[in-house]
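Going in written order, the chains are labelled A, B, C, D, E and F, and every chain counts its residues from 1.
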Amino acid sequence: MKVTVSRKAHFNAAHRLYRKDWSMEKNDEVFGKCNNPNYHGHNYELIASVTGEIDQETGFVIDVKVLKDIIKTEVEDAFDHKNLNLDVTEFKDLNPTAENIAVVVYNKIKAKLKPSLDLEVTLYETPRNFVLYSGK
Amino acid sequence: MKVTVSRKAHFNAAHRLYRKDWSMEKNDEVFGKCNNPNYHGHNYELIASVTGEIDQETGFVIDVKVLKDIIKTEVEDAFDHKNLNLDVTEFKDLNPTAENIAVVVYNKIKAKLKPSLDLEVTLYETPRNFVLYSGK
Amino acid sequence: MKVTVSRKAHFNAAHRLYRKDWSMEKNDEVFGKCNNPNYHGHNYELIASVTGEIDQETGFVIDVKVLKDIIKTEVEDAFDHKNLNLDVTEFKDLNPTAENIAVVVYNKIKAKLKPSLDLEVTLYETPRNFVLYSGK
Amino acid sequence: MKVTVSRKAHFNAAHRLYRKDWSMEKNDEVFGKCNNPNYHGHNYELIASVTGEIDQETGFVIDVKVLKDIIKTEVEDAFDHKNLNLDVTEFKDLNPTAENIAVVVYNKIKAKLKPSLDLEVTLYETPRNFVLYSGK
Amino acid sequence: MKVTVSRKAHFNAAHRLYRKDWSMEKNDEVFGKCNNPNYHGHNYELIASVTGEIDQETGFVIDVKVLKDIIKTEVEDAFDHKNLNLDVTEFKDLNPTAENIAVVVYNKIKAKLKPSLDLEVTLYETPRNFVLYSGK
Amino acid sequence: MKVTVSRKAHFNAAHRLYRKDWSMEKNDEVFGKCNNPNYHGHNYELIASVTGEIDQETGFVIDVKVLKDIIKTEVEDAFDHKNLNLDVTEFKDLNPTAENIAVVVYNKIKAKLKPSLDLEVTLYETPRNFVLYSGK
């Protein structure tokens, strides 16, 4: 019996969408207000969803406290109250779109899970815009 | 790397669930209070979820502004503050159940997307009742 | 010790904002899309908040089941799946704006409460627009 | 055309996570605060999602009133305001983790649906922790 | 310039509504399903709202981290994953209705605030039932 | 009959909490992670609540479209996708704490309302932290 266990978390960060190798005009055209050179920011809400067999002894797929701790170490400590472009290594040369942040978060959490567990990451950039990545 | 990008939107509309070819009694039996001949209404909340490869240049699957504009033109301008039965062509002969509205919305948005992009439509008729259609 | 006890409820209804004694042009100018002659509708969310002394015997200001039943009889049974303009007596000659609905709801619930209890009514017409009336 | 119809419901219950065949120390180690011998509790929020073909006559996959009634009889009447460990037969010898509750709920609702309909159960133990089971 | 600063928190607990000096019949009559001798439970959501002058030096009425820590020590550590009737001193002889819990929480937090600050406590027993106490 | 009409809006912005006349050490001590020199950010959710008499002709206290437009011009156009410290005049020498932002927003909206209308501003910095200012 495969069950998916989800845990919500959140972090607040500044970011700017742009490519260093494009002109200001081209960046404005493609990224609009998100290309503000002084940055803007979001309350990112994250859902990490782990799928696997129920352990018949404990009744858990994964102990939510374990999942909560992985999210804290891998995501909250690394991203919270940070400027994604300037303070987070993974985005030094990667545009911090919601799509790319979700892939980075997926890779960081997946590396800490037992290989038998599947992962899906949902990332809300705002309550109206969100993305989902499941490693496919 | 396939990511799903979702955008929330909303529209307010009146509707009535019934079949013109059925008696009032049969409509009452099947559709209950939803068969009020004077109509009732809802705040419909819509989530359009688009799945595709991340564009390596922009970091976007689809620019959310583009998706927002498609939803505005295809759904909000067409359905908002309308009587679905009387004002919206698609429901002249189609019962505006949440299921049928989702299919109509899916078809309208899908036609405006690049063929390589998959679409899933979630439609909340109330915060407690909602439907999902992905073209399958 | 005065405590406020709140209960949420909801009803779905159609309505139209307009004055019978105004021209279609004037109604369009003042009420815009809300003047659709075919009606539109909403999921109204209601919060009834009752303030009074805690009964030292029960620890209740008001039994929430009693409040829930008053809301059901006075509001849900009367308004749910109705056309406010056509089906609800109170709005035969009263424009069913959120403000006026809140006042009508307040008066109906207040009449069923013990006079020592104060009432405040919050009415969400949409998740983004809401009104509050407390009889003042 | 397959559409998924979802209905939200809720129940409030006490529970304790532990194994009778383990020592208090081992239960504390594995289940932490959830092993409180005096129980703790949750407002469980449930989403039952039913997938099937749209009935071309009614426009329904399933009448939401029917689904609502199944949830009331099978889940709310059985679990609401109960102690899951002591009052609910299914958990006499099954640890009431969110995972196990979801499987029990799935089995109870699935047995009342037409075999052609698929079911997915999402169960929120808290707004931050939730699980999903779809019978696979 | 007086501003109100609010912080949300939460705790999960079991409780039973009843009076030891009443018969089971009378408790059932007054408290209904909440009188289950085996207890039931809730995810309580708490909002502590502190009103005072803005400190012109910091721009804070109260540092939210300070408020968060007071809530943790006074409420979360004391109530979370507990049986309110059996594990929490304040409810040994006080019926743990939402009203009474709000008064207890108010008194515990107020004692830790500077006397110049006003406090209001909102306590959600469920997303549909909540109470508010402000010491009046 | 006085009714309060509320409208929700939102803007995304970067900010940093600090005083230019304090050392980095003192700013770290008082503002902690919020003193990141590279900024962080939030999805601010705003509720503007306007209280006044119901106009007996229209049934409105204020046309919500008018309120929506004032919020757009005064707040969204001025703050959305901006760095509050660098891009917004009002915060050149004022620490952009939630408290101070609420006062600035209050003053900007109040100046555009008829003097007979009262205003209250609620500003969510995160879903867990929010402030309220009503000009008192």
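Operating definition for what follows: a residue touches a chain if its C-beta (ideal position, glycine included) is under 8 Å from a C-beta of that chain, and two chains touch if they have at least 3 such contacts.
Everything numeric here is computed off the predicted structure, so don't read it as measured data.
Colleague: Treat each pair of touching chains as one step and give the shortest count from subunit C to subunit F.
Modeller: 1
Colleague: Note the shortest touch-path length, in steps, from subunit C to subunit E.
Modeller: When the steps are counted carefully, the minimum from subunit C to subunit E is 1.
Colleague: Which chains, if any, touch subunit E and subunit F both?
Modeller: Chains in contact with subunit E as well as subunit F: C.
Colleague: Name the chain whose C-alpha centroid is most distant from the C-alpha centroid of subunit E.
Modeller: In terms of C-alpha centroids, the chain at the greatest distance from subunit E is B.
Colleague: Superimpose the Cα trace of subunit D on the Cα trace of subunit E, which carries the same sequence, then give the rotation angle to the nearest 5°.
Modeller: 180
Colleague: How would you label the subunit A and subunit F contact, same or different, if same means the shared numbers make up over half of all numbers there?
Modeller: Shared-number fraction above one half, so same.
Colleague: Considering A-D alongside B-C, which chain pair is linked by more C-beta pairs in contact?
Modeller: If we tally the C-beta pairs in contact for B-C and A-D, the bigger total goes to B-C.
Colleague: Report the chain whose CA-based centre is farthest from the CA-based centre of subunit C.
Modeller: A
Colleague: How many Å are there between the centre of subunit B and the centre of subunit D, using C-alpha atoms for each centre?
Modeller: Chain centres of subunit B and subunit D, defined by C-alpha means, are spaced 29 Å apart.
Colleague: Could you please state the distance in Å, as a whole number, between where the Cα atoms of subunit B are centred and where those of subunit F are centred?
Modeller: 34
Colleague: Could you please state the distance in Å, as a whole number, between where the Cα atoms of subunit A are centred and where those of subunit C are centred?
Modeller: Whole-Å distance between the two chain centres: 41.
Colleague: Out of subunit C, which residues touch more than one other chain, so two or more?
Modeller: Only 127 qualify.
Colleague: Return all touching chain pairs.
Modeller: By the stated definition, chains touch in these pairs: A-B, A-D, A-F, B-C, B-D, C-E, C-F, D-E, E-F.
Colleague: If we count contacts the way the header does, which residues on subunit B are in touch with subunit D in the complex?
Modeller: 17, 19, 30-32, 94-100, 102-103, 127-133, 136
Colleague: Can you tell me which positions in subunit F touch subunit C when the two form their complex?
Modeller: Going by the criterion above, the answer is residues 1-9, 49, 54, 57-61, 63-65.
Colleague: Show which residues of subunit A lie in contact with subunit F when the two form their complex.
Modeller: For this pair, the touching residues of subunit A are 10, 12-15, 33-34, 36, 38-43, 45, 80-83, 86-87, 126-127.
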